[in-house]
Amino acid sequence: MPTPIVNLQDHEHAAQAALSASAWAYFSGGAADEITLRSNLRGWQQWGLAPRVLQDLSGGHTRCTLLGKTWPFPLLVAPMAFQRWAHADGEAGMAMAAAAQQCGLVLSHQTSTPLHTVAPLMLAEPDRGPLWFQLYWPSDKVYLQDLIQQVEAAGYEALVLTVDAPVHGVRDRERRKGIQLPLGVRAVHWPPEAAPSTDTSGLCAGLANAAPTWADVAWLQSMTRLPILLKGITHPQDALQAARLQVAGVIVSNHGGRTLDTLPDTAHLLAPIAVAVRCQNTATNHTMNILVDGGIRRGTDIFKALALGADAVLLGRPAVFGLAHAGAQGVAHVLRLLRDEFEMTLALCGCAQVQDIHLNHVAALEQHVNVHLQGAKGLA
Amino acid sequence: MPTPIVNLQDHEHAAQAALSASAWAYFSGGAADEITLRSNLRGWQQWGLAPRVLQDLSGGHTRCTLLGKTWPFPLLVAPMAFQRWAHADGEAGMAMAAAAQQCGLVLSHQTSTPLHTVAPLMLAEPDRGPLWFQLYWPSDKVYLQDLIQQVEAAGYEALVLTVDAPVHGVRDRERRKGIQLPLGVRAVHWPPEAAPSTDTSGLCAGLANAAPTWADVAWLQSMTRLPILLKGITHPQDALQAARLQVAGVIVSNHGGRTLDTLPDTAHLLAPIAVAVRCQNTATNHTMNILVDGGIRRGTDIFKALALGADAVLLGRPAVFGLAHAGAQGVAHVLRLLRDEFEMTLALCGCAQVQDIHLNHVAALEQHVNVHLQGAKGLA
Amino acid sequence: MPTPIVNLQDHEHAAQAALSASAWAYFSGGAADEITLRSNLRGWQQWGLAPRVLQDLSGGHTRCTLLGKTWPFPLLVAPMAFQRWAHADGEAGMAMAAAAQQCGLVLSHQTSTPLHTVAPLMLAEPDRGPLWFQLYWPSDKVYLQDLIQQVEAAGYEALVLTVDAPVHGVRDRERRKGIQLPLGVRAVHWPPEAAPSTDTSGLCAGLANAAPTWADVAWLQSMTRLPILLKGITHPQDALQAARLQVAGVIVSNHGGRTLDTLPDTAHLLAPIAVAVRCQNTATNHTMNILVDGGIRRGTDIFKALALGADAVLLGRPAVFGLAHAGAQGVAHVLRLLRDEFEMTLALCGCAQVQDIHLNHVAALEQHVNVHLQGAKGLA
Amino acid sequence: MPTPIVNLQDHEHAAQAALSASAWAYFSGGAADEITLRSNLRGWQQWGLAPRVLQDLSGGHTRCTLLGKTWPFPLLVAPMAFQRWAHADGEAGMAMAAAAQQCGLVLSHQTSTPLHTVAPLMLAEPDRGPLWFQLYWPSDKVYLQDLIQQVEAAGYEALVLTVDAPVHGVRDRERRKGIQLPLGVRAVHWPPEAAPSTDTSGLCAGLANAAPTWADVAWLQSMTRLPILLKGITHPQDALQAARLQVAGVIVSNHGGRTLDTLPDTAHLLAPIAVAVRCQNTATNHTMNILVDGGIRRGTDIFKALALGADAVLLGRPAVFGLAHAGAQGVAHVLRLLRDEFEMTLALCGCAQVQDIHLNHVAALEQHVNVHLQGAKGLA
């Protein structure tokens, strides 16, 4: 990387310079007034760190467990559509970079590169992270069963069902630019009769038929030997319902602020979900994993997500920004920055490994004034 | 609409370009430092959404009940004076657009178009919303009785008495511009001896005589067969008093921030009023409706208003902004945008119809940090 | 006034244009980082109004009681030094404007016009407000006794002892400009050996000897037949101590943010002091009045001050800003704007007179989100 | 000093003009997004002062007790590396200015001037503050023992072990500028094989071996007759552990926002630590001192730190900023400004000496709205 790129914000600026206005609007934009988009970033910053000093840090590492297996680092690239629109390297470049940096990858249902091309690039790397496939809910079940067979055969290790986007969302920025995919970029596995996701006309037409339900989740479980994660959970009751259905994991997500504006930021949605699920996990035999995405830009953000109860974290826009201006190499640099920052945070907080991270390592910054003074005055 | 107009803020910018500085000051301005004006907008944004996923959305619709009748959509155009100053289409254009978009209309006492001209334009549309008439309290009771007879005869379905503006308010922006109505635009039903509402001299002179009281409300009830709503309620005790008088409805409103600056925003005034009224409704035979206006700019705002206890919502400035730059067509586009956004919000929150919306679908964004962490630490 | 001046902020801008940079720094500046200066303004805005509608407003007026007498309006011009530096009309112009607008006046110990010149200008007006004299604590007691005799003889009705400024404060803006009084402007009643208040050298030298104590207050009471008010009270315990000493009144003040930066704003200091004093007043025979200054810029601010427990309000900088650009006429316009705004606020809040104003007419804007939702969820 | 320099912010601006971009990035920059860096400044401002008036201030002074001895003023210059990079006067100039202004000095392990040169400049001044030496934890214990012997022999009165920086921190600003020490400036006492602290490559390599532990603190205590302070404590439990080990003092510090971003500001970390330690001090025979650094820019900040439980305060960047543009004279002016401001604050808060300062002299500004109104409504 050229010297002035030292953090993920630098990558974002470089991406904006590299992308067309239309692609920039598509990849960077959010729903409506982008309140959720902005609050996702601010959310993690509002958590303060509460480190412990003079701890023994020998034997430290960053290994984590997901869906019963151990992986080198608790970070996956989130599913994002049309990556070949961002850069010719596309989903292939994204996979190579993720594998090289010991991170996982969730390939989007709207991938612009065939899933059979992407899978081997990940699977070839011995020290890679997990390889999952993301699904929207199609109305054509024959198509769906065929797609699942392809996904299983190609070596993907889990299915990620997106449950928070039965409609496209009010993307003002996209509508203003009149998004048009460039020639040769398309969702290669998308059912031909279905509207591509950038189509904003018709809006709710046919909505009620297209949206999946809890019954559909159960049906999907019966159709595949792969573990299933639900992406787009924001309510503890929905997470508990997922756990009751023996779902393998939930991804706490507001779709990167792209569907429903004024959803709370995931940094603050996470803890109550994680606590509820953990209690349920303890009460039952089943361990449901929890992941989170939205607004992760620093190693400290990953640390906080783990402290607040996540087993791992997904990274969306920054990965595609790295891709946009420097291809696979750009993505690798983005992931490397996060790994380095996370390792430093781990050490500076007095943790030798991710299993040492605890809810007590974070503190709401706004709480200090009131809570601490009250305590102090009581004792003084 | 030209492509770049994709939301209500775009309409506002277009209106500012189309209106004279004086008309812009009149229609967009608020009282004093415009703190309430701004907080009305921010108020709805400060409520977070709490959606549920994977719900069955079949058979969805947006129908609502007001004053005992069912209407297609819970939105009415608020009463606003002198609409022919904004555009030649004036109140007639506003009515046609509202009716076409299945919304209601409240015609202002200060209408610049005769009430007999406006009413048929609404009533002709079978799938329209409600048609109501707004009243200031005149000192001349003979005039008032005559006006009410005209209103009833023309087919208006309710009277809306404004109770929060015994004086005009400190409109600094208007005073700076020296508001002057253009030739040919006047309040056609206004009593000739009374000061037009844009006159800011004299201020409180004669105030005590002009302001209506609770006794006047009872008198008004005895004078008309139409249901009466009180507009400008901000205190739960006033809403309960209205319910005790068997008033048909209250409109929670701070007059769009135009009368008394530093009134709280209606997004936060609404809930305690709605809860108090609902308890009273349950305890008595009477069902008093609750509406709200002020700062509605998004479909998510309408959803939140309903979640916080409103039966329907009034839209003010954005409707007149649509009118200002594109006449009836502009208003229709404004209303259509809100309808589309609201439908998407409904679906994305897991509700098939407005009756499914519940207080639990909103959450104060600021609460997350403190409340959730406390809970989490207690359980961890 | 020229048309574009419609509020006190306009007067401030006009004053800045009329004053030298040095005079502007002196009159408008505050201590250190001016945090208190700014928060004084914001403080009143953070209180929301809670009006009641449809009240009977007949027989309304703005009369109030101070030190046992009835006055037409609860507003006094605060003591400010060197007013002839702001405009040739100086303290004489200030007095004429205050009297004409039915407001009171507190002449500064550092007046640049003789106290004998100022007093008759107020006393000649039958419908005037109170006329008081403000004192710093001089080391020379013979001088002090002589001054008090002059004050009494000239017809001043109370002494206001400033207790919050034993040292001048860190006035960075003044130090940067090198404040120098213009020729012919001086504190005409200041003891010749004492340093003028704009001298910033030496700082704390001799401080301990110069500062008054509670014992000095008792001594001062024994020296004069005039009621004594203490100006600069910010702590409830200090207000209670004043009440125990039978002091006639306290002025809740942070010296307009000019002495000690990061003092809280008076809008939030007032209520706990008022409540404490009111309880003590009830328990004893003595009624101590409470006044407040700092940041008053709107009629709504005066209303809120009275709701929070003040008997009257002092106005500082805005009066001198009016003076600076338009002499006595400017001051009169400033006071008239506040009177008109206050009357409108009174009516719009449903109060016929100042005695109807109650703590329940204000509500902390920040409280709404948390308090109201909690209540609503409990009931829903 | 030239007239326009009247506060520490002026010194900062002058320093920025005097330093190279690289040196400015090094001395002024913080970790990552510099959230902690900025919040350190804001933190002190968020505490309001709660003064008492009319107190007897005779016999006032600013003397304080540290490590069992009495010193003239509760302020020390914090340890900062490479001061000769800021100005040719370097650590020698810093020491002369500190001594002349009755302040203490903590010499950095990374001093660019020999410790034997610096010590006599402090010790020669009879009315000086304390002279301490700061240590990073070196892997070479022979080197460490030799260094400690030199420190003891030169007359340093305590060792300050930095415990919060086992790694260098994510300094984006430094990495962007490519920090390079100028010729002739180096850490003269740094072990030659160790990486200089501005080296940002390798990051966590070897981290686990280099970081000190609680066991190392005990070992260090056994190696020296000097009292030991731990710098970089942010958690009450770590402070209590230090007290249990009979450590002489702790310095509450987030390393000036230079290591781990989103650490809370020290203004809010201080009180809970101070209360916990004070309880422990009372329960045991041992008195552990508490100091604090980070964001101190005003005399009011020092006052608040003492009110919140600190025995003294360390000043970092502002001292080096004074040095940067005006050498020892600049530092002396910085310290003098703080002393004058602190004395004024002391007097204006009604305290004759630092021992009169109490937790009740501060109040969280945000608390006022909620807490006070609740109380007032309860009583009204």
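Letters A, B, C and D name the chains as they come in the text, with residue numbers starting at 1 for each one.
Just so it is clear, a residue touches a chain if its C-beta (ideal position, glycine included) is under 8 Å from a C-beta of that chain, and two chains touch if they have at least 3 such contacts.
Because the structure is predicted, anything quoted here is derived from the model rather than measured.
Taking the definition of touch as given, a chain qualifies here only if it contacts subunit C and subunit D alike; none does.
At the subunit B-subunit C interface, residue numbers used by both copies make up under half of all numbers present, so the two copies contact each other through mostly different positions. Subunit A and subunit D carry the same sequence, and matching their CA atoms takes a turn of 90 degrees, rounded to a multiple of 5. With centres taken as mean Cα positions, subunit C sits 40 Å from subunit B. Centre-to-centre, using mean CA coordinates, subunit A is 57 Å away from subunit C. Touching two or more other chains at once are residues 363 of subunit A.
Every pair of chains meeting the contact definition is listed here: A-B, A-D, B-C, C-D. Interface of subunit A with subunit B (complex): residues 32-33, 35, 39, 46, 163-167, 169-170, 172, 175-176, 178, 203-204, 207-209, 211-214, 216-217, 230, 232-235, 237-238, 241, 259-264, 268-269, 271-272, 274-275, 278-279, 308-309, 358-360, 363-364, 366-367. Of all residues in subunit B, those touching subunit A in their complex are 3-4, 6-7, 44-45, 47-60, 298-300, 304, 340-341, 343-345, 347-349, 352, 363, 365, 368-370, 372-373, 375-377, 379-380.
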